Amino acid sequence: MTGDRKAELSAENISVSFAGLRALSNVTFAVHTGEIVGLIGPNGAGKTTMVNVLTGFQRPTDGRVLLNGTDITRYKADAVAKSGVARSFQAARMFNALSVAENVEVAALGHGAPRRQARARASEILEWIDFGGKAESPASELSYGDQRRLGIARALAGAPKFLLLDEPASGMNDAECDDLNAHIAEIPSRFNCGVLLIEHNMRVIMQACGRIHVLEGGRSLAEGTPDDVRTNPAVRAAYLGADQHPPKAT
Amino acid sequence: MLHVLQVILDAIALGSLYALVALAIGLVFGVMKLINFAQGDYITLGAYSLVVPSASITPPLLFGALPVPAMIFSVVITCVILALATERIAFRPLRNSSPATLLVASFAVSYFIQHVTMLVQTGRPKSVGIGSQLANAVEIAGLRMPGVQILTMGVTLALLIGLVLFLKKTPLGVQMRAAAENFEMARLLGIRADKVIALAFVISGGLAAAVSMLLVVQTGTLDLRMGLMPVVIAFFATVIGGIGSLSGAALGGFLVGFVSVLLQTYLPADLRPSRDAFVFGLVILTLLVRPQGLIVTSAAKERV
Amino acid sequence: MANLAATLRAAFVLAWPVLGLLLMMAAGVLIVSSFGSISLQRTLTEGLIKIVTVVGLYIFIGNSGVISFGQTAFMAVAAYASAWQTCCPGLKPITMHGLPEFLIRNSIPIIPAGLISILLSALVALIVGLVVMRLSGLAASIATLAVLFILNAAYSNWDSVTMGVSSIVGLPTYVTPWIAYSMAAGAMIVAYLFQISRFGLMLRATREDEVAARSVGLSVFWLRLIAFVLSGIVMGLAGVLHAHFLGTISIDTFFLNLTFITLAMLVVGGTRSLFGAVAGVFVVMTVIDVFRRVESGVDLWSFKLALPAGTQEVILAMVLLGVLIFRPNGLTGGRELTWPFTRSVTRSVDSMEKKRGHVGGKPAR
């Protein structure tokens, strides 16, 4: 890793237990700017817990989270966000009474942008993700798929160095997935950040990610390119054993 | 030394009384996220049911004139019916509202009951002589204790133990506790919401009845605000104990009662009237140190 | 030129939610102060002071979504502070001998006294807020209730300064309908400016979803604290006005009853809009006033109808419950007053202007 000048968000030996139950044990991996890393695993593998740890919503029992070498393990969630790690949620978690534009604007304000700049930022991002016409409607009136996309737009508002997407494609149909895919693929270069993508939909994962990290039962099972992971016997066993979303060719 | 022991017994008596009220609040909160301000008015109305409704300040007895078992039964039934009625009329339609809305609603219910009572009974305190023979002191092992004190301790401890056994040992109680700690999960497991919520209100009504009779025996007066202090203290108790935790609520209630007796005894005389300010100040300090309360449940943490 | 006109028009539309209310209220004050009876004028002034109070509640509760029972305590702080400075010079050495020497001997002119009082309530709100705003929503609500009880217990027993539970009588009464109106206007403008400011927007985001708000870098604590202190300032103003309208204060007037009535006003109107706060005061004041009159007896055709005292409170509780059940977002549904002649061109001028709050309250988990 030495000599790598790229920014890096890394989890080092992260363990989390809830009331004696191990949700994560000793997980280590990293994301760099400019790449999209997939985080996959059966239900209950600890993927969302990992995102919570990385974004300050969950203190790990053990281990460290480093952002470009700075230890941010004990930062509060809002401080983590301000230092450049943004996320979306599995449930959409919109600011329902606010308009679509305000949802994004307020996120830019949260990162300290002046009002005018926040507004410009919001309309720029909304345009990119094809929301232009709906900017003034209340977020609560959006379809489920649109709410998920708004979640991504909102997370991008603060110009994060790293973006953590928690199942952004859930509940989307194939056409919506493809559109989402195209947008996610653009994020690293366009917004100059690294992406960690949690997804059950293998079609999305295999297309988007350069590297995939597999969790099972709170432990790292494998890491590698999509092809490595697809052909890895341990991964196949975990998925087929659990009888869930076996990775299939796209 | 003997004096210290006496103070400790006093503190235990008051502590367990508040623990009862806090448990009632905690149970109802667990099943429907309602912090029920009207719990205090169940207590007040239970006490007023002892006398014939009138404007008189020394009214004739109603339930209070019955033999003790019948009196207890009637007051309990009154409080339970009242609790169930408020649930059915006011709280059930709001079941899916936010906790803040429910809190305001219970404020309104309380205001309603209080002023209807005032319309009938007037706002003046009344005196009622029930259990005055209990005022005589009893001497046990060198400790002179008023009979009321012994009664309070006996009843509250018995109810606390009974309730704990009910919640831990009976199938219904286990369902109740499961629902109070994680309502959604309980529903998924097939526990019926209506039944569990109704049961929580029945218990809270029953506990209110017990507290109301104990208060009347202790003070010999009826007052529209007699339920206010216990219920407010129970509020703080549930927060100190950790919102959503039943054992936390009981513990919190006990601690607040215990501490207020200690303050009442050991505070300098000129500060004693402001005892409640100190008690509540301690409540806030405790929350500063432990914002989640003494016992943190998974229900208290927002799921991400 | 066209550009300037468009900007002015946009500013007008943006200001309308508060401007429109102020114009309607001004018309009301003009009519009542010219033609109304003395008792109606008093009700009007009382109502305007209630608007200051409820707008104060709204600044915090409406934007943060956290119910506070403690704001009336800040009214009491300012009301007493103003009494210490302006009241009863001859009696102070006897009745309030615990005051600082300077205050016992001197009276302070009403305007600086009012400002100092408001400053004091802001300071108390800051100290309380630093502690209480660290708690989660529901725990914070209960902690604010504790604050109300603490202040009540302290002032009830701090005899040498507050005269305990007895009333302090003889404050200068200077609050006329027009003074109350201008103060209400000031409070409403402050509330509206806050609401459309970046802090207002950020605070409403925390109200909608606290977790998501933290994930975009919003500090729930600081945002709530700002609104809490601003609310404390407006509550302080309300306390000063209350004291110098009635000319007498006692600690129990700033307790649960006032808390209940003002909270009822806000909820009945709709907690999520300034329009709701003002409309709620109007509706509830009307209900209270009508039943107050009926309680004291009215002639109805041939017989005299007089409801027993206390009916008014029972009705008020029923109104509040009814609104909670049937119109959970209040009578205004959380909408602001909107300029009715807006063309679609101006629609996008400022998103602040738009209707909001049509969504139900967050469901319980």
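A, B and C are the chain letters, set down in written order, and residue numbers restart from 1 in every chain.
Throughout what follows, a contact is a pair of C-beta atoms (placed from the backbone, for glycine too) under 8 Å apart; a residue touches a chain by one contact, two chains touch by 3 or more.
Here the structure is a predicted model, which is why all the values come from computation and not from measurement.
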Task: Chain pair, A-C or B-C, that carries the greater number of C-beta contacts - done: B-C
Open item on the list: From the C-alpha centres, identify the chain that is farthest from subunit A.
Closed with: B
TODO: Express in whole angstrom the distance between the two chain centres, defined as the mean CA positions of subunit A and subunit B.
DONE: 47
TODO: Determine the centre-to-centre distance between subunit A and subunit C, using the mean Cα coordinates as centres, and give it in whole Å.
DONE: 43
- [ ] For subunit B and subunit C, let me know how many angstrom lie between their CA-based centres, rounded off.
- [x] 32
TODO: Give the residues of subunit B that touch two or more other chains, as numbers and ranges in rising order.
DONE: 304
Task: Multi-partner residues of subunit C (each touching 2 or more other chains) - done: 211
TODO: List, in ascending order, every residue of subunit A touching at least 2 other chains.
DONE: 57, 89
- [ ] Please give the residue numbers of subunit A that touch subunit C in the complex, ascending.
- [x] 55, 57, 76-78, 81-82, 86-87, 89, 93-99, 101-103, 105-107, 109-112, 115, 118, 135-136, 138, 140, 154-155, 157-158
Open item on the list: Using the touch definition from the top, list the residues of subunit C that touch subunit B in their complex.
Closed with: 65-67, 131-132, 134-139, 141-143, 145-147, 149-151, 153-154, 156-158, 210-211, 256, 260, 263-264, 267, 308-311, 313-314, 316-318, 320-321, 324-325, 328, 361-365
TODO: In the complex, go through subunit B and note every residue touching subunit C.
DONE: 32-33, 35, 90, 93-105, 107-109, 111-112, 115-116, 118-119, 184, 228, 232, 235-236, 238-239, 243, 273-277, 280-281, 283-284, 287-288, 291-293, 300, 302-304
Open item on the list: Which residues of subunit C touch subunit A once you look at their complex with the stated criterion?
Closed with: 198, 201-202, 204-205, 207-209, 211-220, 272, 334, 347-348, 351, 354, 356-359
